Each structure stands twice: as C-alpha cells, then as structure tokens.
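What follows is subunit A paired twice: with subunit B in the first complex and subunit C in the second.
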Partner chain A sequence: MIVNEKQQGIDRIISLLFWFVPLLITAIFIWILGDIVRGGIGQLNWAFLTTAPIDTGRQGGIAPILVSTLLILGVCLVVSLPIGIGTAILLAEFTSNSNWFGRLVRRSLDVLAGVPSIVFGLFGNAFFSKTLGLGFSILSGGLTLACMVLPILIRSTEAGLSAVPIEYRLSSASLGISRTSTLWHLLLPAATPGLLVGLVLGIGRAIAETAALIFTSGYVDRMPTSLLDSGRSLSIHIFDLSMNVTGGDANAYGSALVLILILLLINAIAAWLASKYNRSL
Partner chain B sequence: MVLILGFLLREALPILQSVGIKAFLTDKTWSPSQQSYNLVPMIWGTLFTATGAVLLATPLGIISALFCQYYAPKAIASGYRRLIELLAGIPSVVYGFWGLVVLVPLINQLHPPGTSLLAGILILTLMILPTIALVADATFAEVPQAYLLGAAAMGLSSWGTIWQIILPASKSGLFTGMILEIGRAIGETMAVLMVCGNVVQTPDSIFAPVRTLTANIALEMAYALDNHRSALFVSGLLLLSVIILLAIAAELVKWDRV
Partner chain C sequence: MINEMTEIQSLMQIQQLSLRYQQKLAFQDITLSIPQNSITAIVGPSGCGKSSFLTCLNRLSDLIPGCTVSGHIQLGTLNIRNPKINTTALRRRIGMIFQKPNPFPMSIEKNITFPLKEHGIKNAQERDRIVEQVLQDVGLWSEVKDRLQANALNLSGGQKQRLCIARTLALQPEILLMDEPCSALDPIASGIVEDLIISLRQKYNYTIIIVTHNLAQAKRIADYAALFWVDGSCGRLIEFAPAEQFFNAPNHELTQAYVNGIKG
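Entry: the complex of A and B
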C-alpha cells in the first residue's frame, strides 16, 4: 500500500468536512424557507390576495400590488420578446461566429447580463422616466426590466437555434424552400424549447427584481388605472414593509411567501421544460 | 449597451465638469447638500462586504461542487444541485428580509447594533455561493475521466487526487466562476441595503454599520436633485466600469485556456 495511515487520516477528516459543508448549506436553506413559510402561512388566505393594503400595508392585502407586478411583467415581455427573438435569429442565422459584428454584440450581451440591477435602474430613470417623459410609471418600470431580461432571452434563444442540426437547413435548402420560410416553419418550432426556458428564466429574474424598479415604476400602492400610473411591485412591497413601515413584518412575511411560491412554480416549469427539451434531442 | 453607457455619462457629466473627479476622493464627507462628495467610505463599504463574501463563498462553493461530483451518491448529488439552484433563485429582497428579521437580531445579541458589515458579508455569501458552486460543478464535470483513472492507478488518496489533479486541471474555470461571483457581490443592492445599517463611514470593525455604493444610489436617488443626482450617476458609472473590467478579465482567463 502506498497510501499510508497518515494520509488515510487526512482523507477521513476531509471527507467529513465535505459532508459537513453541504449539510450546513442545506440547513441554512431550510432555515430561510422554513422561516418565511412559518411567518407567512398565517397571512396567506384568499382575502390577503384580493384586498387592497390598508394603513400603508400593515393591514389588508396585496391585490393592487399583484396587479402592478403582472402589468410590469406584461410590458416587459411584450417589449423584450420580439426584440429578443429577432436579435437571436440575427445572431444565430445571419452572422457567423467569426463575424466582428456578431462577436461585438455577443460580448456586449455578456457584459450586460452582469451589470448590476441598480445601474439598470439609474439608466431607466434617466432614459425612460426623464428623457422620454414617462415619469414613475408601470411603463418605464416594464421597459427597464425588458432591458435587463434581454441578454438572458437572446442568449438562450440563440443557443436553441444553434442546437438545430445543420441537416435541417441543408435539406430545406435543397428542397428549394426560401430562407424565411425555413426559419419560420422549421427552425423556430425546433428552437421553441430553448426559447421557453429563456423566457421562464427571464420572467423569474424580472419578478424577483427590486433595485431597478424603485425609481422607475415607483412606490404607490394604489390599484393602477393605466400603464402610465405608478405601481408598486411585490418585491418593492416587501422591501418597503420591512424597512420603512414599523409593524409591517407580518404582511412582509405573507408577501415574501407569495413571491417565493411564484418563483418556485416558475423554477419547476423551467426544470420541466429543460428535461423535456433534453429528451427530445 | 452603448445607450446605457451614454446616458450614465450624460447624467454624470455636469458634476464631473463643475467639481472634478478629485473631489470624489478628497472631499471631507459625503454630504451632497453641502457640496461635498466623498465616495471613499462607500467604496470601502463595497470593497469590504464583497471581499468578505467572496472569501467565504469561494471555498464553500468549491467544496459543494466537489461534494456533488466525487463524494455524494448520485441521488443526493442531484438533490443538492437542485437545492443550490433554488438558492440562486431566491430574490434578493427575500434574503434581505430574512437577514433583517433573523440574522440582524442574532448579531445584535453578539455585539450591537446588529446591522453591520458582518450581516452584509453573511447574506452576500449566501447569495453568491450558488454562482461559484454551479460554475465549479460544471468545470469539475469536464475534467477528463482518464486523469482520475490515472490518479487511482497510482494509488493517490482521494484528497491527493483532488488537490493535485482536479483543482489544477480546472483552474481557469474556477477563476471564471470567481469573477462572476465578484461581479454579483459588487452589484448586489437590496439585501445589502437592508442589513448593513447604511451609515456613511469607513468601517473600523466587523460589527460596524457600512453603506455600499449600490445602497447609496438606492437610498438617495428618490430625492436627489442636480449635482447630488449627478454624483449618484458617477457612482453608477464607477460600478459599471468595474463590471466591464471584470468581464474583460474573464475574457482573458478564457483566452488563456485556449
């Protein structure tokens, strides 16, 4: 035996450590989740979801906040989906890897994906709220989020398109089908799963976002009447309740639980889509 | 991208012209109402919280990844991987909220006032751990099977294999993971804002409250006007430049590998 006793001793200690760290992290995870569920489950009922907040959120529910969140998300998707898919098609089908333009766009997208959300918030405030005169509104919040989500959306759609086998394109060309209809009838359907995964990830990121929204979509917790109204998203509601409203903790727990449930659902959908996608390949 | 940089520059320019870059480093304090724009305490705040969190999260993340790849039975490994992914999906406000109602009171018992550099570091560690763990996991999965077989054939202990074969082989992937992780730590706003106490000062102990660059923007943007507003855009610009530099660094690491 080359492995002597001292080495075996070290090995054993290291193994213990390697089991201990994941256990610790799992414990913390359960601690966080358990705490939110324990604190929030008492708040969670139908009335909480369907009534307006009373007394700056100490009492009452989160109905207008849910509506604002959905509207912001809707604006974000309506804007980012066409731009995102268009750019991805351009990158994957019409520019090669060595093309300088394609490379430049890809690099900037990677950098954009890493830009802190607060910087997106600053930009959204300067561009959408001030320069375009949209003010603090659901529209400027949604547009800011669209900028944030675009990199994820484009990259995963592009990955989906590149995964389509080259034979599809060749045989379609040999049948004399035009490039556009190849794209429309063959490539896009084949790339749909990748697109969906990107979409779901993007929605997840958008719903969780707070910093970019504080000074673009605003704080107002009324029921929004139009897209130009200021509306408060779920994540801002949690932030506000726990930081600025004393005695708002109970409802903050409730809102946090709602937010986590939505995210878990989105996560499950993403995992399900990804596994379906992998099987079909 | 160009649009964003352009607008940040445009909004930041008035103050850069009227006060000059030096003012941000040499003014006495951060009190924009008195024309005094010292960003240094906030830069230290960002630096300390980010460094602390990266130092804690990197070993934990790498150990988690090694655990998934080499130690855990398959079922546990995939379960644990899902858990890390979920951890990555928890929104930062929820981390911040949890830190505020659970962690801060705990630290307060240890050493008041609770909202502190330490709380910020711990919360950030939790938030960036999934990043490094997932990247490291993917990197370890790419270490050629032949290396492992060779190591086993030479009778290396499992720790010896990890230390001398696997870690060196996946060095560049781990660096990329670290760079991503640093970027997230610097850019994080809400969680840090909620647990750090937000006092503008260069922290003198781990229990002292700090304010980071990002928290400063989020706190004051709502009422900032004119030069004050521009000063906040300057800090945004600073953050953006750091992120771009990190991206270039990541590119160099990748390039080095090829």
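Entry: the complex of A and C
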C-alpha cells in the first residue's frame, strides 16, 4: 500500500515533467513569435512588400529581396526534388541493405546532413561560383542550397518508400503489374507524406540560411534581372540590417515577420497537400 | 481410384520441386499434377512449406530475397521455371489471393481498374462493365455499388477479401492460388468466401489451389487434397488423392492420423 502510494507520487511527478517540457517549448516559441510580430507588424504593409530598400534598408521595402529569396528557393527545389526523389527510389527499391554502394551512399548522406552550412557555403563558392564560373549569383546560391537540402529530402523519401508494407508489392506483382507501375501508382503515393515532411524541413533549412548564401548568391540588394544576377535573401537582409546597419532594426523586424509568414504558408500548403492526398486515395 | 485419377485432365505438372531460403530447405522433391477445373486443397502443419509452394507456381518466389527454386513446373506448353518467360503474362494466367486481405489504398473501383489498365484494357466502358461483372460475381455489387469511389481500406475484412478476389477475377485467370483466404476472417465472412470459392468452381470451372488450416473446410470444398508434412525441418508431400479417398480411406497412416485430428 505504502509502496503503491509512493509509486503514484513518482508517476505524478514524472507526468508533470512530461507536461512541463512541451509547455516550455511552446512558451518559448510563442514568446519569440510575439516579439517578432510586435516589432514587425508596424512595418508590414503593401508598400513594404513592393518597393526597393532605400538607404541600405533603413527605409523603403524588401521587394527585390523577396524576389531573390523566391528565385533562390525555386532553383533549389527544381534541382533537388528530381535528384532527391530519384536517389531515394534508387536506394529504397534497387539497392538492398547489404549492398556496399547503397551503404556508402546512405552513410555519406547522413554525414552530409550534419555538415554545418558554412561548409556548404565555402564549397558552393569554390565549385559553383569559381570552378563553374557562375560567380555570385542566384543560380550559385540555389544550387548550393540544393546540395544542403538533398540529404534530408532523400532520407525522408527513402524512409517513406521503405515503410510501404511488402504485401502491397507482393499483391501488385501477383496481379502482373510491372515494377514501374507499382512504383508510380502504389509506392510513390504511399511515400508522399514522407516526401512532404522532408520538403518542409528542407525548405525551412534553406530559407533560414545565411552562411551558405553569403559566399554564393551574395548580398546585392538590387532587383535581379536574371538567375545569373547576385541576389540578397531575406535571411541575409535581416542579418545585415540588425548587425551592420544602425537604425535598421524596425525593417529587420518587418523582414523577419515576412520570413516567418512565408514559412507558415509553406507549412500550411504542405499540410493541405497531405490531407488532400489522403482524401483522394 | 488410380485409373480415375489418370483420366482426369491435369492442368499443371509439378516435378521434383524444391525451394530454399538461403541455405535452409523449405520443402523438397514435390511431384504432383494439378487436376483441371477442380479444387485442390493443400493441408498440413504450420511451417511445412505450403505458402512457399504456392509462390513458386506464379513465380512470386522471384521477389523474395535469397529464395532459390529447383525442379520443373509445366503449364500446358509453358515451362513456368524458364527464367525468360514473361512473368507479367504468367501472373495474369495464375491469380493469387493472400491470407491477409490486402486491397490497395485506392478507391474500390480503382482497385479493379488499375490492374486492368496495366494489362492494356484501354476502353473505360469495357472496364466499367468488368468492374460490375466481377463485383457481382463475388457478391459485393449490391453492397458497394453506391460507393465505388470510397477508399477500399474502409471495407470490412470479408468485403476486402472479396474485393481482392474480384480484382483477380477481373484479369480472367485460368488458375487461382489461395493461401488461407478465410483464416483472417470471422466465421460468417469466412462462410461467404467459402461459398464464393465453390461457386467459382461450379460457374466458371476455375482450377483452384487452396491452402487451408481448416480441415472441415477442405472436406467441404475440395475435389482433391494434398498433405504436406515437415520431415526433419523440411517440407514434403505425404499424400495426394481425390478428396473422397483422402478423408475416408487415405493410403498413408500420417494422413489418417491428421484427418482424424490425432496429429498436426
């Protein structure tokens, strides 16, 4: 009886702890969000989104920066999605767990996923900007980000593919359905939620990136006219305003708010896609 | 009895078939001829290689890593063991139903039309006609005709299994392999599927090979029966006979003990 009460006490403390940690995390998140909204909401209006920065960003808006950010992100996705899905299919469907090539690729990806972004920045600068002669450009930046998000994208898509039960493959084969159609109509749809998670994590990492972009896409804040122009991303703009420009804090907050809104929008789209997907099955 | 058996047309001849998973023999030296237009039941204790045996017949064994098969299987003029044959066409001729009902995560209708499209049936009206036909055949039409677009995963276990049978029938196979098709179902659903199997044999003269753990069921539906047994750690065929003889006057004492419920 006494042991039992003691046990109950311990249970209560532990479950309290389990409540406390997520509460703390949520509280910190809300606090940061609140701070940014409070500081940035005053800046946020149509003109801010549609005009160029004036006086190194103290005045004016963020139009060219927004465009550069979206272009960099676009290049990153256009390159990383097909390569990522292709590699994930190769790893999950065509190399067994014991295959040395598959093991090597998986191990390398896991190492790459943990490499600090500054290293990607230096690599991108050396390879895309110098060796390939792309210079400081949106293309260099997007390609560098693609290298950075690929490991996350590949591993989460592969996990999604591997999680498809063997029964689907066997029954599909027993109906005389080819491997390609099985992959296309059964396995990829089943892996889509995994892919979306990887995509959201990858975009999140890419859009928040500064270190990898400073050396590749540069920080020119003019409106880009082509992918070979240098372009400043939102995160670099925020960094620059808050660190290098005195009196830039208000616009830094405004830009941060825009960045967070974009992130939330991407999350919402992914969630919407996932639910639409489940319904249309 | 012997004469009667040789008179029956045999559809598939299996000779000295053995199967290994890596080094381990799953079954060995199985020789038997599957009679045409009849139900052959395979019974035997767990682990004697019944499921593995079925996977050789439609070459599904190709998909299992580390699985090697030896021996000979002849279907008409087709040598099933020939590595060069078109397995897609083979699997269309030999349909398979699994123990666990496993419809695809798609609509009820798509579960049937997807394999049809795969096999080149391009005409949508033709596909719709087949969908209705096979759903009628498995007795599912009246239950689902108003929700063909609903996700098949929301059907009950028995309905799922009948849908799986329907999508296999849609390809008009000659032979149906069934691996314990009723054992994951409740008694009522199981009875419905059992009646369905009998009606397929009567109405369409299907050749059916069914693995079952349920001796009473085997007795009710089978025209022929085979007993597999684990000898050492490897499966063997003990007896193959017309059901009448198998259940009432078996040649082998192991069969006698098994059908009387003394062993197994």
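As a convention for this text, the second predicted complex is superposed on the first by the 232 of 281 C-alpha atoms of A that agree within 3 Å, B and C clash if a C-alpha of one lies under 4 Å from a C-alpha of the other, contacts with A are read in each partner's own complex, and residues count from 1 in each chain.
Quick note on the criterion: contacts are C-beta pairs under 8 Å (C-beta built on N, C-alpha and C of every residue); 3 or more make two chains touch, one makes a residue touch a chain.
Predicted model, so just to flag it, every value in this text is computed and none were measured.
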Inset, instruction - Please work out whether A:Ser181 is in contact with subunit B alone, subunit C alone, both, or neither, and reply first, second, both or neither. - result: second
Inset, instruction - Check the residue A:Ser171 against both partner chains and state whether it touches subunit B (first), subunit C (second), both, or neither. - result: second
Inset, instruction - Return first, second, both or neither, reflecting whether A:Thr51 touches subunit B, subunit C, both chains, or no partner chain. - result: neither
Inset, instruction - Please indicate which partner A:Pro22 is in contact with in the superposed arrangement: first for subunit B, second for subunit C, both, or neither. - result: first
Inset, instruction - Please indicate which partner A:Asp110 is in contact with in the superposed arrangement: first for subunit B, second for subunit C, both, or neither. - result: first
Legend entry - Partner chain in contact with A:Ser162 - subunit B first, subunit C second, else both or neither: neither
Inset, instruction - Quick one: classify A:Thr192 as touching subunit B (first), subunit C (second), both or neither. - result: neither
Inset, instruction - Would you please give the residues of subunit A that touch subunit B in one complex and also touch subunit C in the other complex? - result: none
Inset, instruction - Mind listing the subunit A positions that touch subunit B in their complex? - result: 1-3, 7-8, 10-11, 14-15, 17-19, 21-22, 25-26, 28-29, 31-32, 35-36, 39, 107-112, 114-123, 125-127, 131, 147, 204, 207-211, 214-215, 235-236, 238-239, 242-243, 249, 252, 256, 259-260, 263-264, 267, 271
Inset, instruction - Please give the residue numbers of subunit B that touch subunit A in the complex, ascending. - result: 1-4, 7-8, 10-11, 60, 63-64, 66-67, 71-72, 80, 82-87, 89-98, 100-102, 126, 129, 154-160, 180, 183-184, 186-190, 193-194, 214, 217-218, 221-222, 232-233, 236, 239-240, 243-244, 246-247, 251
Legend entry - subunit C residues touching subunit A - in the complex, by the definition given at the top: 58, 60, 63, 65, 87-92, 95-96, 98, 100, 102, 104-107, 114-115, 118-119, 151, 153, 164, 167-168, 171
Inset, instruction - Note which residues of subunit A are touching subunit C in the complex, please. - result: 96, 165, 167-178, 181, 185-186, 189-190, 281
